[in-house]
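This is the structure I want to talk about, given as structure tokens.
Letters A, B and C mark the chains in the order given here, with residues in each chain numbered from 1 onward.
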Amino acid sequence: MPHRRTMTVVARLFLILALALSACGKSQSSADGPVVMAPSSLQEALEEVVDAWAARGHDRPVLSFAGSPVIARQIRSGAPADIVLLADEQWMDVLEAENLLADNTRLALLGNRLVLVSPQSSNGGEISGNLDSLPILLGQQRLAMADPASVPAGRYGKMALQSLGLWEQLSGQIAPTENVRAALALVERGEAPFGLVYASDLAASDKVRLAAEIPEAAQPPIRYPAALLTSSTNPDARAFLAFLTAPEAEAIFAKYQFFRLAQR
Amino acid sequence: MSFEINLRHRVGDCALSVDFSSEAASIGVAGPSGAGKTTLLNCLAGLIAPDQGRIVIGSRTLFDRDQGIAVPVEQRRAGYVFQDARLFPHLKVSANLAYGERLGGATGDQIDRDQIIDVLGIAALMDRWPANLSGGETRRVAIARALFANPKFLLLDEPLASLDHARAEEILSMIEQLGPSLAIPMIYVSHQPQEIARLTDTVLNLA
Amino acid sequence: MISALEWSIILLSLKVSLVAVAVTLPAAYALAWVLARRRFSGHSLLDALVHLPLVVPPVVTGWLLLILLGRTGPVGALLDRWFGITLVFHWTGAALAAAVMALPLMVRAMRLSIDAVDRRLVAAAQTLGASRWHAFRTITLPLTLPGILAGAVLGFTRSLGEFGATITFAANIPGETRTLPLAIYTGLQVPGGEAAVTRLAIISILLSLAALMVSEWLIRRNTNGRAHVV
């Protein structure tokens, strides 16, 4: 029967295709570097650091980016990672309390600053001073920022707004996102006229511009801790973690507006 | 009452060609299966537009290809009793009967509904669902429904098909009884010559 | 038992889902009818487009909606300029995302029931004097009622559970677009939030169960004593 013959041919083609595809692609397992989970705000900087590490002849680390709460949840559920970076100490404390961090490997790696951004194409100059005019300029629209309830960038943003005395007024007018890059994207798209993001995000995007500096007095203490996980199995992991504190890495981070913190 | 039917229509391999005219009140249409008897009825009812031709029933021109006349189905007032009955399953028998009634509108010559119910013996079925009717009951309701719509002419497509002899005989006499009192032309299709002989004088043979 | 905040989340979810289904119902039926009853050269394309949200990752659908209907998108900019309507950050955006995701399911259910209606019944109605529209209203529409109900309930439960397209298009605004699934997801992000989330999850399951049971009852009620062509 022609119908049955067609089905066999199709089945065979499918099988061959599946086998061929699985043979392609990067060869897995043995030749991979350590698995590094990091906040989305570190995306560009960390990719370049990994490039530098691989250029030294090491196996290329595998990077996984997400919001800090998501990373923490995945690690608590047993995700097989070697190194974790997070955007605040609070989430790192959670992991430490559950004995997921290898002893004496935790360090406060990087700092950052908060800035107020607006779409590249928007008019109006910078807002100066203590951002008093922000509520008026915002009008009926929303301020994009990471979720203040759980995402570090959101928590820092809330702290900054509280210092400026603007939180009460604006808390009902925010667009909370699951990570700071999503807030950045909302401003890039023009969905939100303003966003509260990191200086490093401003540096990474050419579709937004600086609308205002957050005054020094209102800047929250932003700290990116890093640590080795107890579940780490990769022999390169410790070495890569050390590399993150090396001068070469420090220069790369600085380029993206992350500054090195003094050792804890 | 007159019929003037000239039409040509091709459906697949079957080519139907009819040239017929008659003043008779009832006309039988005979012929083997596949001869196009149902196709002919569908053309008269307006469900199919023949490739060519002209249809005049009771001095109303229902279709004329050359003159561009084609009266739509819903305005032809054809009381069509289908071979498969086609009762509406979501309406009770009484609602099925009333369906065409509501749309019929007053034309002056009202059909005597009580008489039809009486002759067809369907008074007891009014509250039933079509799904729960027997074959014979279904046919009788179908005939009544077509009549209740106040048609200008009747088309019956093998109304006695697949009925057992007793039921067929029963319904045949009902039609015989109703026929004269209705005063509307009737076209009766069947492949059984005896039925046709009993009900009609004029026969159109499709072969 | 249920806190005020939880009530507001449930009510928002119900509002978004009900509006999504109510607005989509006529469009879904029209699409189902065209796909079931009409043959035309764009038929397969239309069929594929209708089913797209079913097979494409919800986030992608949400992203496409954003491109088209965001404030800077071609359609969104018009909506904003002419009517002052913005969908992003509003419950109407969440309803739209839910509607788009529910549409294929609704069309499928309705199309099945339209296919099942014997067209000879419509012909019979016409011979009795019904216009095409009247025959549609009195014959086709009632006979497809079970399909409409099934489609509506499927669409409703799908809308209740819609996440990816909603969070991508309408964002996660508490009180506006933070429906049950988004609230559960957000709650999971907070350390120790699992307990609060469990209640919402149970409520979500109960709502879907209730909707399914109501639909079963409705369908059974409307097909009592029926069969198709007799």
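FYI, a contact is a pair of C-beta atoms (placed from the backbone, for glycine too) under 8 Å apart; a residue touches a chain by one contact, two chains touch by 3 or more.
What you are looking at is a predicted structure, and each value in this text was computed from that prediction instead of being measured.
**Q** What are the two chains with the most C-beta pairs touching?
**A** B-C
**Q** Among all other chains, pick the one whose mean CA position is farthest from the mean CA position of subunit A.
**A** In terms of C-alpha centroids, the chain at the greatest distance from subunit A is B.
**Q** Indicate the whole-number Å distance between the mean C-alpha point of subunit A and the mean C-alpha point of subunit B.
**A** 78
**Q** Need the CA-centroid distance for the pair subunit B / subunit C, whole Å please.
**A** 45
**Q** What whole-Å value do you get for the distance between subunit A and subunit C if each is reduced to the mean of its CA atoms?
**A** Chain centroid spacing, subunit A to subunit C, equals 35 Å.
**Q** Under the stated contact criterion, what part of subunit C meets subunit B in this complex?
**A** Going by the criterion above, the answer is residues 118, 120-121, 123-131, 134, 138-139, 142-143, 225-230.
**Q** Can you name the residues of subunit A that touch subunit C in the complex?
**A** Those in contact with subunit C are residues 67, 69-70, 72-73, 91, 94, 142, 147, 149-151, 175-178, 186, 189-191.
**Q** With touch defined as at the start, can you tell me which subunit B residues reach subunit C in the complex?
**A** The contact residues of subunit B facing subunit C are 45-47, 73-80, 82, 84-90, 99-100, 103-105, 129-133, 138, 145-146, 149.
**Q** Which of the residues in subunit C come into contact with subunit A in the complex?
**A** Of all residues in subunit C, those touching subunit A are 66, 70-72, 88-89, 167, 171-174, 186, 188-191, 193.
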